[in-house]
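The same subunit A turns up in both complexes below, where it pairs with subunit B and then with subunit C.
Showing the complex of A and B:
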């Protein structure tokens, strides 16, 4: 009986979101699609940074890598977009492995800065290899109205990331990731191979953004270096996760939904103060509830880890 | 083992050699800065040796990573408590093992009741008192059933009752065949508990022997009180 409540809510929410594109407006569908994207991005960032404490300041690099992988495969090689989206996730995962091996040996701020650098390097590379990527002129994909199918694909991606977070956080693997955040030296001395754990978490955290980037490329039909590698996207996923509660399952979902809606409302009415307000939210969250909304509730009401 | 470690030009540990006997409690003493903790870090792989070797059960372990050394059977506690504060007491123990979840859970609960903390299993470790955290750290190290137990100042900041429980636990582990090496400043503890004592000064071993003999050793007295 106790478990029926949340399950019923979940079924209703999933059904409502599934029918929404058939009854909602184009603007509404596009907005929900964006929320899905932010859930996938924030939830993925949470897997590496929320759990291990290794703050990735360039996570949008995986989004961009996925977008360009898919863009090139669709525009250049004529792949279908669902396959290209999977390839985008795979490419982002491989990139994470390649980058993780040297960078995850760095500690604290050095890792954050290395990731920031990675993003800038990728953006520069994409601009440089014009033959493949179109350089600064961008890359146009063949016209296709795929908003509704992309909506479902993005929804699946968001669900996939959240389910993965749920499984990881309720497992001893997830707890071991948290020991890295709590005290990496003690974790090592207790026999936990921290490097391997970080690398696996980093790999998993790159796949969601890779797929989301690929789907976004398909949906927008045009990508350019500045549109898929913006630092602001990394910052937004960080803020959403911190707001909802880092290290929790539903924190990034809550943060993505609440902040996206807030952003839309404020942006529509006060376009100039929008960045100001966003900055104010960051400061307020860090000061008033450093563990985020769910983190606060979790400690206060002794809720299980898997919220 | 035979350990050399220097930081820049400072020889923190300069050719200290000693052997530990299975099933005995060994003490490691020396003035502040004599290299005791550095020696612990060399044994557990947190510091790389500049020269020398560390043998465990006939195998060299000095080049291994800390987690590999831990898995070979070396458990330790730290001078400054290093529990995982945002994990519960139970989770602090659970993360250490790799076996099936139910077995690990049963083992963790048993160890927590060994130090009378079973009632606080689901409390965040960071919310526990200093002494309780020390106990959590102590039993966390036991989760892997280590052969060699390194304790860095187990008596520091612990009240008498708790200390006696802790010392009892160490004796019981010794009786179960564990080898113990502990760094301690409290001489009553060292003299009452240890069967062999090593004395370090300026990164060198200056004495070794049963506690009674150490107490009257001229070089030891000199290292502690000056000439």
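Showing the complex of A and C:
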């Protein structure tokens, strides 16, 4: 029975969310869609940064790569959007492999800033190749009201990322990733092929943002370099993961839900101080509760490590 | 492209590259110092440079102070800001895992940029003080860039002399070699950390002040400088101070050559490719550095 409780809650939540677009308002559906997107992004960032300890300051690069892949395929080649979304995830994954091979040799800060640079570079490239991407003018997708199907697709992505995190954390693979985070030299000495593990974690962490970016491109119908490669998106996924608890399964979910609601309720009225608050939250979380809300609860109530 | 590239153009590009390269070296030296002494990559380095640029801008606009005279004032102001940041926030993460210091300075960086947007608005501002070029033979030397070069070269040299010959400079180098042994020798390591952070911020501020005369400034100008400074210290080898000098020159040259042979829009891409290549071939930088 003890194991059935959480499962029952999960089933009820998933059912409620599945029914929601049929009964909820358009605004409500859109908001939940946004929460799904943030769960997918924060959960993916958590895989490489929270679990493996390689902080990425440019994870929005994969979001943007997915968005542009899907945008070009839909607008240019007339692909259907679900296929284009998968292609977006694939493109982001390939990008992660290409970038990961040189960049994952870098330790800590080197990796973080190399990723920050990657984002700037992608934005510059997208602006430069105007023929393909529309450059600074952006890329318009054919109009299509797909909010509800995109809602389900994004929800599926969020669930996929969370389930993947759950499976990874309790697997041998996840344990090895955590060993790398704690002490990479020791991990290497124990015979863990660290490079391959990091690369796989990086690849997995890129697919979710790629799909989310592709779905967002379809939903918004228009993409431009500034709207799909903003540093603010990276910041938001980091804040959400840190707040909820990095390196946990449910931390990013909790962080995404709580901070998104807070953002809608309170900070939407004061949009100008929004980044300042996020900066302050990062500083406060790092100094006061480095393991986030869930980390705090884990130590206090002896919750399982796999939460 | 049917533009013929003449030797004179290449010469011009090399001159421009070296002129901006020294500026990169100076700003990156600050980042290298903090990394060497405290083992922290200060992601807020670029935003501190931005604050230096605004200090010079407002001193010029409000009080009519000559922007070059305000370089030391900006440095002093940012020295204070740097010491304050270290004293209140950064010192808490010195021995923490790398993740903490990175995220902490990232948070500081976001907050600084946003505070600047609120206080100064996102409008482009410029210090209109000096324009035009000196023409020597076939080559043009942009006046503000030449003066920036002189300042940056002078300040970088001063920083090296300080590190090499003064007691405090030696204490900084000792701390960066081994904190424990420095402590045993009676060096107040906490004070050295504050001093280093202050000095690094002052170097960034000098860069900002000099840039304000060259190009328009805005609150988000800093991030790209964090990246470029980082690129410079990676090229030179992290924790290797002369390496920062070489790395800066190299970055300046590569950027200018890229804008000649390709296009200015892609100069950042070229810089990034350079970074990845160096890391692949020589992960410890050109002059060799410490492993993290």
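As a working rule, the second predicted complex is superposed on the first by the 307 of 307 C-alpha atoms of A that agree within 3 Å, B and C clash if a C-alpha of one lies under 4 Å from a C-alpha of the other, contacts with A are read in each partner's own complex, and residues count from 1 in each chain.
Definition applied: a residue touches a chain if its C-beta (ideal position, glycine included) is under 8 Å from a C-beta of that chain, and two chains touch if they have at least 3 such contacts.
Small disclaimer: the values here were computed from a predicted structure and weren't measured.
Asker: Between subunit B and subunit C, which one contacts more residues of subunit A in the superposed model?
Answerer: C
Asker: I'd like to know which partner A:273 touches here: subunit B for first, subunit C for second, both or neither.
Answerer: Second partner only, subunit C.
Asker: Is A:189 contacted by the first partner subunit B, the second partner subunit C, both or neither?
Answerer: first
Asker: Looking at the overlay, what does A:175 touch: subunit B (first), subunit C (second), both, or neither?
Answerer: first
Asker: Write out the stretch or stretches of subunit A touching subunit C in their complex.
Answerer: Residue list for subunit A touching subunit C: 49, 53, 55, 57, 102-103, 105-110, 112-114, 116-118, 120-121, 124-125, 127-128, 231, 235, 238, 242, 272-276, 278-283, 286-287, 290.
Asker: Applying the document's contact rule, which stretches of subunit A touch subunit B when the two form their complex?
Answerer: Subunit A reaches subunit B through residues 172, 175-176, 178-179, 181-183, 185-194, 299.
Asker: Touching subunit A in the complex: which residues of subunit B?
Answerer: 44-46, 65-68, 70-71, 76, 78, 82-87, 91, 94-96, 98, 101, 104, 124, 140-141, 143-144
Asker: With touch defined as at the start, can you tell me which subunit C residues reach subunit A in the complex?
Answerer: Residue list for subunit C touching subunit A: 35, 40-41, 43, 89, 92-93, 96-100, 102-104, 106-115, 117-118, 223-224, 226-227, 230-231, 234, 238, 263, 265-266, 268-269, 271-272, 275-276, 279-280, 283, 291-292.
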